[in-house]
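Each of the next two complexes has chain A plus one other chain: chain B in the first, chain C in the second.
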Partner chain A sequence: MGALRRKVAEKLNLLVFLLPTLFFVIVFIAFPVVFSGFLSLTEFNYAEDAVPKFIGLAGYWERLIKDTFFHTALVNQMKFGISYFTITFIVSLLVAILINELNQGVQIFQVIFYLPMIIPLSLVGITFAWILSPDVGIFNQLLRSIGLKKFAINWYGYPGTALYALVVARSWKMIGFTLIIFLAGLQGISRSLREAARVDGANFFQEIFFVVIPNLKPYMLVSGIWILINSLKVFDLPQVVTQGGPGIATLTLYLYSWKLAFERLDMGEASQVAYITAAIILILAWVLNRVFKPETAQRG
Partner chain B sequence: MGMSSLALNGPTIVKAIFSRQNLIFFIVLLFAIIFLFPPVWMLITSIRTTQDLYKYPPSIIPKTLTAENYIYVLTKMRGFSRYVVNSLIVTISTVIIVLIASAMGGYAFGMRRFLGQNFLFMLVLGVLTVPYIMYLIPVFLMEYYIGLRNTWLGLILPYVALNLPWGLLIMRGAFSTIPTDIRDAAIIDGCHEFQMWYRVLIPINKPALAATTIITFVFAWQEYMFASTLMSRNEWQTLPVGIVWLRDELQTLVMGRIGATIIISIIPVLILFFAFRRFFIEGLSEGMLKG
Partner chain C sequence: MKKFLLLALAVLFVSSVFAGGQKEVKKEEPAAAKEVKVLRVAAPPWIFKKFDLEEFSIKWAKNNPNVKLELIRADKWSAPTYITEWEQGTTPFDVFVGGSGSMLAPVIKGNWTEPMDGIFTGKLVKENFVGGFLAAGKYKKPDGSGANYPVLPFMGEVAIIGVNTDIMKKAGLWQNGKPVPIPSWNEEEFFNWFRKLGKAADLGAHVQIWDREFMQYNYAGPIMAMTGTFTEKNGKGFDITSDAARKWLSYLQKMYKEGLGAWTTSDEEGYQKWKTGASGSFYAAQGHIMELVGVTKDESDIAYIGWPGAEENGSIIWTHSVWIPKVSKMKEVAMQYIREVVFSKEMQQWSFNNYGKLPVMKEYYGEGITWFQDQMPTILAVADASRPIPLYADLQKYLDILVKYLPEAAFGRMDVDKALDSIQKEVQALNFTDLRAGE
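Right, the complex of A and B next:
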């Protein structure tokens, strides 16, 4: 009798411990995901319509086949994603490898590279727009002073450069995160493994390429997935700096979804874009998992 | 003898200067300077006069230094102090609720066994990968019908939901390293499970709680998309949204003053970052590697 009562009490306690988590996950996560899934199958202007009008998969068909704005947003997103991934991955890997070699100053350097993580992205946007502004911006002044006057252009005002100028700002903020991952990985690689390579006559670059990089594979996967997830969450910067412009040169999937929802007030169309974005993240994460799957490399 | 050592010294000095260690140090230093430049430039901008900022061609070195921008922002801009208050209330409330919820949930996930445990935890972690706009649209509609828009609570609730996964990840990790003997011993001693959780386990997990605090604070402090969408009225906006509003709506507001608002707005997180840096990095590293 006592044992049973204690069992019931234990279950009840468990429920109490889980209650806050369940409340937030169900009300603010699970329900919204299901609900926006439902919305994506409807036409719904929340300011005018009382109830969503069910249209099935027609909206997805419309987005994927006919919507040229969506196509542009998708292409912009790909350009953004690829350049963002490349810059963030390579720079943070390079900096991590170099910092790992240092005997002194490691702490201070780490603080400097981590600093961008705490600055709000919208304010990063204002800062970069100010540095890169065409006439009074310091970057163009620097270019002019070293004789590269013809490169001193309106970075955020020109369709060919605006997207990439946003990539630089976004990477600047993200590199600290992936640096943490790579440094954790590098610390796990045993000294003896590297010394063995050196004894075998490997030079510094051979050591990096044949010993360090293969052993970093699991960490590359982790940071790759984080960069990937982040590469699609592009809203703050284009919204603050370019408003998706010039024209629609910096219209990303996130921004397009947001504009559909809160400027055109069409929650159905916005949800379709959001769901397609989610599908892209899933597919790419799966591909990345395949590419970086650690087969022979051992975990440090 | 003296001559020969001198002759030897030349190449040795060159070699010492171009040693691998120095070369790497120099490259990292170069990266660091580039990285540090944007915030430093904003700081410099914020202490320059308007004429100095908008003259052409611009110069790197300020002519005169002034605190005028800061004095103006802190004394004459009523809206700005309102943003600070909003940001502080929303962020601190979010941190407190996330701390309580993740300490409770972390215990359940880390020390108890129950049906669907792993499934539920995967569901929680899934939060981090899904496009946030998928939550934003339904949350917006909910708050639109209930009337939670333009209230602190309307922002705090979704912030807790978005930050809880990090907290749970860290707290679960911390709880799962505690030997279950401690729990069992306490329960056999007649200690109620909640007492044991509060009196025994929470004090052991202080570092994990610190990590959760700083990470939640930093993330909630900088959030833009939810804040800009759910807070349509200026007097409810938080710093990341309000400062953008100042830049857009008050076209006359010069960059020096905007710079001052930016610098002031990152001071609270900067202090926390320096005070709890180790917890911040360890918490992030643990969360990212396990997530």
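Right, the complex of A and C next:
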């Protein structure tokens, strides 16, 4: 009897400790996710409609097939995602390898590259808007001073460059984080492995491709998923710097969802876009997981 | 059991002490304090800056000891975000100072505000308002039974051309102490005027901001000046079919291609360009044009002109309004506050004298205005003949479509006919019911 009472008391204790977290998860995460899922199956402008009107999957059909803004946002998102993923992944990997080859000052470089991470993204946006300002921006001044006046364009004002100017700003901020993940992985690779490769006659590049990179796969998976999620969670930068413009050249899925929710006050349409975005993230994360097979982690 | 009894007694004891204490406080409350009413006034941060709401409210509170005034810096910019609270019968404020037409449209459509029609007495009779500004507050009632004023404009802006006087003088466009106006809409005369100005201006003859907001004024204002209207005859959106519309969009494209038009895609960039003092002219709200004076500290650096025909046909205006949520329990005091503070001559003139925000009462344009006295007749003439942008039921969707094409055409990246035709095709299904009632 005493043992049972102790067990119950223990369970109760656990529950009491878990309650605040459970409350937080249910109220602020689970409920909004479920409710938003419900809203995505309705027609609901919260300033006009008293109650949501159930329409099933018709809203998704409308978004995917007929909504030209959604199509543009999706294409922009893909362009953004591919360029952001490529730049951030490759640059942080290369820089991490270079830093790892240094015998001294690794921590100093880590700090230097990590510093942009502590700057709010909105501030990064404003700073880059100044740097790339067509008339007074330091970047165009530099181009003019070296005789490249014709390249001194309105980077955020031209539809062909605005999105990529945002990619550069975001990559600059985010590279530090993935760089630290890669560095941690690189420093975990046993020296003896690389020495053995060298003894077998491998040059530096062969060492990197055949020893270092295979051992980095688990870290690549973590970084890849993190970069991927970040490449789709694009809201603050375009909202602060371009508001989706010029025209709708920098309209992304998150920004479109926000605009639907808080400019058009259409919670049904906004939820549909949010759910489609979530589905895209899940599919891509699954693909990434397949590419960088987790079993390689055990070998590293 | 003993423990439980002790606990129950303790709870009883504590609650009786508190209950007794409360009664005591009530007994000792002075009679006057009982009548103190709490008035909560909310406004976005920029209103606090550009209207000195704090200073004028403190003065008012001193004269009204029976009212406890609470000023709230509104963190929510979008008025409809309060709807959920109003649905529960509560509101975080009794008066909201601020909100443009498009921002307030859902609140007006939902009938969430207290009609302000009762305020038009004494010095606030309708005839004393600048006509165009007051009209911006008149809306069709949601139930279709006529019109009323669910919000009241307290500040106006008019789209007008500001010219840099130094550059105008260098360009030879200054005569008898006044700017030489743009002669006409004749292509040769029009472009010659801007070419002269462009030669004297390092950063372009004319600045315009082509973002989602200003795009409307840039497009509609000059068409209004040219023809006296800027909407389609059937009321379905802006004029995109007339010769005037094609002409203006072609002019915009040509100005940009010739380097006369220094278009920007963000408002900050536009203000920045104008405030360098190296641009010849700027088409924007007169308050923003005045910001150049904030830099140079010399009001003679700026003069105002209209597009050819604007003084007769008017331009585009927009307003910010003050409003009371219907669920507020302090409506009477709120009305008093609005009348005595928001519409006071001192506060409205303070805002003009410091930030160029136009008063809505005609008489406030006289004594007390410390700068631009000589420009007042031009500004007032244009403002009085002007019209606000209609508040279409689907305005947000409409703007999303316009922003895909109008800036593209203005920047010369899309053929004018293609842009106008594309707009025509895409807006077919939109609801163009104007929520405003007109004058």
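As a convention for this text, the second predicted complex is superposed on the first by the 293 of 300 C-alpha atoms of A that agree within 3 Å, B and C clash if a C-alpha of one lies under 4 Å from a C-alpha of the other, contacts with A are read in each partner's own complex, and residues count from 1 in each chain.
FYI, a contact is a pair of C-beta atoms (placed from the backbone, for glycine too) under 8 Å apart; a residue touches a chain by one contact, two chains touch by 3 or more.
Note that the structure is a prediction, hence the values are computed from the model and not measured.
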Q. In the superposed arrangement, which partner chain does A:Gly2 touch: chain B (first), chain C (second), both, or neither?
A. neither
Q) Should A:Gly56 be classified as contacting the first partner (chain B), the second (chain C), both, or neither? A) neither
Q: Go through the superposed model and pick first if A:Asp135 touches only chain B, second if only chain C, both, or neither.
A: both
(Q) Just to be sure I read the superposition right, which of the two partners does A:Gly201 touch: chain B = first, chain C = second, or both, or neither? (A) neither
Q | Per-residue contact with chain A, leading partner among chain C and chain B | A | B
Q.
Just to be sure I read the superposition right, which of the two partners does A:Ile248 touch: chain B = first, chain C = second, or both, or neither?
A. second
Q: Kindly classify A:Tyr46 by the partners it touches after superposition: chain B alone (first), chain C alone (second), both, or neither?
A: both
Q) Taking the superposition as given, does A:Phe262 touch the first partner, chain B, the second, chain C, both, or neither? A) both
Q.
For A:Gly147 in the superposed arrangement: first (chain B), second (chain C), both or neither?
A. neither
Q. Across the two complexes, what residues of chain A are contacted by chain B and by chain C?
A. 46, 135-136, 262
Q: Please give the residue numbers of chain A that touch chain C in the complex, ascending.
A: 46-48, 68-69, 129, 133-136, 154, 156-157, 159, 241-248, 259, 262-265
Q) Where on chain A does chain B make contact in their complex? A) 10, 13-14, 16-21, 24-25, 27-33, 35-36, 39, 46, 91, 95, 98-99, 101-105, 109-128, 130-131, 135-138, 141, 144, 172, 175, 177, 180-181, 184, 204, 219, 222-223, 226, 229, 232-233, 235-236, 239-240, 254, 257-258, 261-262, 267, 270-271, 274-275, 277-278, 281-282, 285
Q: Using the touch definition up top, name the residues of chain C that touch chain A in the complex.
A: 78, 80-81, 83-84, 106-107, 109-110, 203, 210-212, 264-266, 268-269, 272-273, 276, 396-397, 400, 403-405, 407-408, 411, 413, 426
Q | Residues of chain B touching chain A in the complex | A | 20-21, 24-25, 27-29, 31-32, 35-39, 41-42, 45, 53-60, 97, 100-102, 104-105, 107-108, 112, 114, 120, 123-124, 127-141, 144, 157-158, 160-162, 164, 168, 193-194, 197, 218, 221-225, 228-229, 239-241, 243-244, 247, 255, 258-259, 262, 265-266, 269-270, 273, 277, 280-281, 284-285, 288-289
